[in-house]
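In this document, chain identifiers A, B, C, D and E correspond to the written order of the chains, with residue numbering beginning at 1 in each.
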Amino acid sequence: MSLEELAFLALALVAIGTATAALLVRELVHTILWIAIFFVDLSAIYFLLSAPFLGVLQLGVYAGAVTILLLFGIMTTRKRIFSREAVTGIGPVPVALAVVTFIFLASALGELPQSTTAVQSYDPTALSQNLFGPNGPWLLLLGLIMLAGVAGAIYLVREGRE
Amino acid sequence: MTDLSLPGFLALSAALFGIGVFGILTRRNFILLLISIEIAMNAVILNFVYFAAFPAGTSGLSGQSIAVVLVGFAATEVAVGLAIVLALNRLKGTINVARATELKE
Amino acid sequence: MSVSSFAGPFVPELVLLAGTLLIFLLDVLKVRRIELTGGIAVAATLAALGVVVADLGFAPLAFLATVPASQIDVAPAAGAAPLFAFTSFGLVFQAIFLLATFFVALASVSRPSDERGAPIFYGLLLLATIGMLLVAIASDLIFLLLAIEVVSIASYLLVAYTRKDVRGLEAAMKFFVIGALSTVLSFFGASLLFGAYGTTNLYLIRAAGTAVGYPVLVLLGYGFLIAGLAFKVTLVPFHAWAVDVYDGAPDDVSAFLAGGTKKIGVFAFFLVFLGPVLAVGAVGSSGYGLFGGSVALGASFQITLGALAVVTMTVGNVLALLQKEMKRMLAYSSISQAGYMLIGIAIGTAPALGGATLQVFAHVLMKTGAFLVVGAAAAIGVGPLIDDWRGLGLKRPLLGVSFALMLLSLAGVPLTIGFVSKFVLFSAAVDAQGWFIWLAVAGLLNSALSVFYYARVLKVMFFDAAPAPAGAPAGSVVGGAGPPALPLGGIGYGRAASLAIIAALIVAFGIYPQAVLGAIQSAAYHFVTVGA
Amino acid sequence: MLPLISIVLATLLLGTVGTFLAGSRARWVALGTSAVFLAEVALLLASYPGWPGYSSSLVPGFSDTETYSWISVAWLHVDYAVGVDGISLIFILLTAILQVATVVYSWGETHRPAGYFGLVLLTCLGCFGVFVALDVLLFFLFWEAVLVPMFFLIGYWGGPNRRYAALKFFIYTHVASIVMLVGLLALVFYSGATSLDFSAVYAAAGNLAPVVQTFLFLALFFGFAVKFPVVPFHTWLPDAHVEAPTGGSVLLAGLLLKLGGYGLIRWAVEVLPHGFHSAQPLLFLIAFITIVWGSVLSLAQRDLKRLVAYSSINHMGIVLLAIALDSSLGLLAAVLLMFAHGIVSGLLFMASGSVHHQYGTRDISSLGGITPSAPALSTMIMAGSLASLGLPALISFPAEFTAFLATWNGLGYWVLIPLVVLVVTAGFYLWMMQRMLFGEKKGVPLDVHDVPWYEGAGMGLLVALTVLFGILPSLLVNVIVNSPIRGWPGT
Amino acid sequence: MIVGFAGTRLGRLEWGGWVAVAFSAAAMVLGVLIAVGEAMSPGTYTNVQFTWLHLAPAPGAFPNGFSLVMGTLVDPLSSLMLVVVTVVGFLVMLYSIGYMHHDHGLPRYYAELSLFLASMTGLVLANNLLEFFLFWELVGVCSYFLIGFYYEKPSAASAAKEAFLVTRVGDVLFLLGIFLYFSVYATAGPNGGWAANGFVFVHGASPFLPLPGANTPTLTIAGLLILGGAAGKSAQFPLHVWLPDAMEGPTTVSALIHAATMVAAGVYLLAVASVFLGFTPTDQLAIVAVGGFTAFFAATMAVVHPDIKRVIAYSTISQLGYMVLAIGAGFAMVGLYHLFTHAFFKALLFLAAGSVIHAVGTQDLFKMGGLKKHMRLTAAAFAIGGLALAGIPPFAGFWSKDDILGSVYSVLGTHPDYWPFFLLAFAAVFLTAYYIFRAWFLAFSGDGPRDPSLPTPHEGPWVMQVPLVVLSAMAVVAGLFVFFPGFQNLLLGGAGLPGIPPTFTTTDLALSAVSVGLGAGGIGLAWSLWGNGRVFVLSETSAIQPVRRLLLNRYYFKVGYDWIGLRAVYTISRAADFFDRFVIDGAVRGLERIFAAGSNRLRSIQTGLVSDYAAYVVGGLLALFVMLLIVGPYLLARLGGS
């Protein structure tokens, strides 16, 4: 097993662990901590995959902006930030559904090439040319989504005077 | 360059997706729901990134482009979700989705 | 391709975007009168509709055309991966979408004129419409899904736009959660397909067919895609949100969701599962199933979609049978109607595509109209239960007659567009022969079942005695301060006009369906030919 | 050449709309429409070759045909195509007669008359449409259009259990029409017909493999069998009849049941000979069971309307038998019998309606000796009963006689079954008359008058026609035999 | 042309009766004229009036086409019958004016009676079997109405129903017989066969009988079925039960329909069939058997009955048996001759009985007595009728009845199997004489009514007396008509009719003597038991008491028929009704419940909790995987992967 593979294994285990922990801890603020680690961990995986631009983006948007947004959400909806969630039982059905989903996805593992190959890396310039060139419409669409989202979200959270 | 194999990544994203699904199905706090969705969304982005790194064709560059767009999209989604739930919280005083079951049957 | 080079063909979208921005600008300037913002929206929609219809080649409007005929229904060069393409089929859908928006926008003008949410409502409405128009020209999976997201995000916020309505916000929350989950599913599916095909371009994916190394990945990817799109189309069991959302959302928004945005899912199905589902009869050589064996990929999708269609219409109808609330009954009926449309996709022949499209068109008229009637009824103080509608048909003839026509059309009674669309659709199913005839049988039996609850509403509206007049005068429900009563006994000109137009179209196209069917069918033929 | 059929359709349509809008004067509009309708039908008849005198040199076929393209896309061609042949003319005549009779009979309807008369006219419009349609879609369209007004007639103006009856009627017949529609569509598309026009379908039907024909025939037959109705698909009928208002019952028995027979002749028998022949034993079996079942059950009924309803089942069994024989004589008999049954059952249902109006009950055992207080009503009941049990010089006789003769010709001694049942039929009618009309007065209020003039006039019209066509059946026969039916003279 | 007088149905007012009488008189004149014309120049003529129904020739079924026609045929057979119908009809009409004057519903009465006469005339003149059947049914329904004339009486309504039903059984047999003949003659025979020419009787040279292959089991069965039809109408065993009950109708009706005309239609049918269709030997034996047996069988029941009208009714059945016997033996005209004479004396008997009933208001013989003091004319008329019935010369009955016995006797040599029925018929002569004079003695002789509550009897008005006188005269002389050459022409008929043996004036004298002797003996026995107001009471312990009970209960036939008709069939139909309502219909209701239950069950999954909705989505996703990855491939592999 090569070093890269070992690194991936470790990062993957951390990702799974932090994601699980984020959902299972009973204090929401701890959740935010775990999820932040999760985002950072994924960023590391992107670097491992030779996608540095995405790694940086992940750090900036997810580990930064989204995490803070979530924290903000918690703070505005709670009177006390460090309060525990009520314990909710976890029924067998959701777990089973999640596990079976995983099993179905895992059934595709067998047909993928098993051998290790070199990861293809891309020049960030090529990426930007692709993003703003032929695949430009995706960004335009993202712009429309953001326009709608921002306009609506601002309207919603703004205290009405009526 | 870096040598890795594909199945491990698929297993990771499958696991993350499963965790996300699990969260969506079991968590009642809306913030946790959002986090679950983001975990699953990260599985998606991860998918695009590693499929870009192990392209089925000659180049998987557009996979990375998609990943970039999706990161932006996911952030917007979180903002919208938060806006909705904050408005709901203002009226109901809770963000527990189990308390929002007025509409049923 | 640069941004400026494709601005020309996007005139409808740009018109709508301009309208949106104008409305937001006016909002910032505190000009919020609904007559003005609504007027802008209606005008923009009409203008866009005119352009689209002209693009389709209707001679009287030819001066408006922006997409040269030579660019419509043109197959891409080999290896090219365009993100969007102009097909006459897509243009037909654009026209249908714009029609839905037009009805809603027109009817909404009749809301109280000092409502503060008006600009955001119309802005989001137009933004969603832009998304819908873009769905109709997509030829790339990611483009398609992002366009759908434009609509979705706008829709979540539209459902919540009243800000003060607990039911609306609860609906928005549910809508958002299930919508986000479905988005994840769709993108996950797209990522798997990307992994298997190395591209997200639908032409290339179709061209590759089953000649791909990772068949299970492909099947899983399509499974995720079906699930994600099924959310939009409200297929059972992906439907549960729809009932609560249609119920909780403001009436006009319900109309837009059921009549309008739902159809982008249908078009997405057409696009993704064209022909049907990759290429019909492409036989894989080895183990597609978990248990191996040689199968026809396309046929497997057909069976799956067919089963989904039958389950959807049956469950929708059975659930609607005993529903007591009007909007929820309409919601269930809308779900079952989605099942009919899916029949066309499962069959995948050009006639079936045409039939399903006609059904989409009919459904836009019927369901948009029905929810608008509910809105109008609520505006004059009618309660949410079906029983609250007692005697309304005779008391308010406009509502009564137009609603009766819509329900009869939904039930598939002759001389309405609903009858014609079902007839064409089921004819197409029989025409496809093979086991598809059972889809026709299932659909027809379901339409028989559906007649019950429609007939019940008619009975309540026309046969049962009206309840004793309530203490509150008509129109007092909207706004506690007692806004000035709207013209036409509280219904308002905009709503009345919208309803009248819909009712007239239902009958007109019911009597002479050739007016739309001809265009739809030839578009469907081109779509199948170009896509293959 | 005038587009006569379209004119009739327009007349009925305008009349219906006018009636709906006319409020308390609806009955006048309805009567006017009916009169014009009748006149136009008379014109149609007069212009039809072969009426009133028979001429063997005539070329049979559809006449007064009109065809306009309606829907036309690459794979689907639907026309607005109408026309009549002898068989449809007979049914059209029946429609016109029953419409007039029903409108006159219902003259005293005070409960939302506009709706009532409008729906009556609409029902007749639908039936007329079915009889003239020469295109599959048009046919089905009218076929379905009949259901709606009848549903409302039963559901709104009916008896105490009307909602249940209306729904049941609707389920049964609607499901049946759906199966029929699938059958028709399959017929069109599996045979490769170029359009939904009758002529195209007729021409292409020969391409179908025999097995396919059998399945299609069974699908179509199911659709028609429920309309007929034959055992075991009949249970909607007694309920619908008992609960329906009199006018509804008349149209239901007089016209709607005929749609089944008409459809069977037009579609199943004509177009799918192979399927028809392979299903023939089944048809015979069902027909015999229906004949016996309808008659035996009539005997057990206490409600006058139920009795008449079951006797309808019995008669329609004979019709099915006659059609199933696949002989020209059998078809002739079937058409005649349907016409006869339309008139006679209409009469009997009117009579039972009048009994109900006058005495507040239709329970045979609680009535008795009503003849002295209501001689006219009693006479109508007697006339109807006697006609129904096949008395010569009344309308059913030539029909039943031909039917039995055809049965004898086709099946030999099996004719004994309907013949023996004839005695049972006579039995229950006589028993009913003995207990209800004759004997000592029972349960009859003292101040009962005879039927009002309009009810009497409605019934009287039908009685007169019963006698007229009973004595001169050739008036009908000469029209019928000019139809383009397989195995019919001249085709 | 004759059918035209159905128009009398218009009689609405009090004078309606006179209108009817006038029309029937006109009909009588016409009828007699036709008969006289026929008698003067024997021959036949047919006049087809219109086509009722027509199908052009079609290959396969009817190569010569198919028609039904309506027409008239006058020949000796029909003209003889015509005279009977119109003359008796007129007299009964006239009599009715007096007899019925205090009844309600007279217009109805006259209308029905006129319709009956019209139908009967139509039947007689019918030129084809279908038309025959048509009028046959019509007279049946008129009979139904007239029996039920006193519809307020439950017994009358019931009797009417019974009559209709029993004759309906006969009608069905008749119809089936027509079909059987049709299957033989449809395309064979003159004028392209029956299918082409409409079942028309063809007279004379080429009757159907000699057709090759005609003498087959089919024809035998057809003949038997015709016999069944005739038995229903003419109340022959075993369909005889209705006729005595039919006496619930007015006496005039009994006289006209249930003695003289309609019941004779069955006999007429047999005659017509024997002439135009022919019977096979088996048929003939069956007809002889039915006739002979009925003649005796009915007479036995008449012996004990206390009701004056029913006694006469049984005698009618018995006499009809004679006619049937004659026709069966091959002597159609002899049978008709008896029909002719019988019509007069039986109408006479009924009208006389009617006169009695009119006077005393009861039909029970044991309540009457000594009426001849008050009603001389009636007593005389009844006596004349009785003598004629008993076959005492020179009264009408003697000639015809003796003729029958003689004729049958003459063929006994070739048909020894007729012997028992001949003997039964012969024995019936004795019984006939006995029961009719038993009735006479009970009613007329003695000192006065046995029931003192009866009103003082009196003769009826002139309109009732005239028919009595006329009929009495006819009863005396009708038998002698046979000596007129013209009448002989009628009886001998045209070519091909098996007429009265030319030696009838020298009939076997011994046979006549024995028969007259038997008749006289019967009268004597009656006188010895009942004469002069005596009442013969059979001791309760007598050995023949069971026989008497059996006879009084009419051999329990009616009980049996009622059981079949009411109990058995009704029970079956109730059971079928139960099955229909609960099993067939129950299945439908069950389906409905399933839908409602399904709707409620499904509705409960809409919990309102968004997590559940998400679970449905994921569940659906997994279901899709199962479909796509497992079910779909499996199905396609199974179906051939097309």
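Just so it is clear, a contact is a pair of C-beta atoms (placed from the backbone, for glycine too) under 8 Å apart; a residue touches a chain by one contact, two chains touch by 3 or more.
Since the model is a prediction, treat every value here as computed from it, not as a measurement.
Considering every other chain in turn, the ones in contact with both chain A and chain D prove to be C, E.
When each chain is reduced to the average of its Cα atoms, E sits farthest from chain C. Chain pairs B-C and A-B differ in how many C-beta pairs they share in contact, with the greater number at A-B. Chain D has the Cα centre that lies closest to the mean of all protein Cα atoms in view.
Chain A and chain E have Cα centroids lying 102 Å from one another. Rounded to a whole number, the gap between the C-alpha centres of chain C and chain E is 77 angstrom.
Separating the CA-averaged centres of chain D and chain E is a span of 35 Å. Averaging Cα coordinates per chain places chain C and chain D 43 Å apart.
For chain D, residues touching at least two other chains, in rising order: 171.
Across the assembly, chain E contributes 603, 606, 608, 610-611, 614-615, 618-619, 621, 625, 629 as residues in contact with two or more other chains.
Residue positions 17, 20-21, 24-28, 55, 60, 62, 66, 69, 73, 76-77, 80, 83-85, 87, 97-98, 100, 102-105 of chain B are each in touch with at least two other chains. Screening every pair of chains for touch gives A-B, A-C, A-E, B-C, B-E, C-D, C-E, D-E. Note for the complex: chain D touches chain C at residues 69-76, 137, 140-142, 144-145, 148, 151, 155-156, 167, 170-171, 174-175, 178-179, 181-182, 185-186, 188-190. On chain B, the positions that touch chain E within their shared complex are 21, 24-28, 97-98, 100-105. Residues of chain A touching chain E in their complex: 93-94, 97-98, 100-101, 104, 107. Those residues of chain D whose C-beta lies close enough to touch chain E in the complex are 54, 56, 168, 171-172, 231-232, 234-236, 293, 296-301, 327-329, 332, 369, 371-372, 386, 390-393, 397-398, 401-402, 404-405, 408-409, 415-416, 419-420, 422-424, 426-427, 430-431, 433-434, 437-440, 472-474, 477-478, 481, 487-490. Within the complex formed with chain B, the residues of chain E that make contact are 603-604, 606-611, 614-615, 618.
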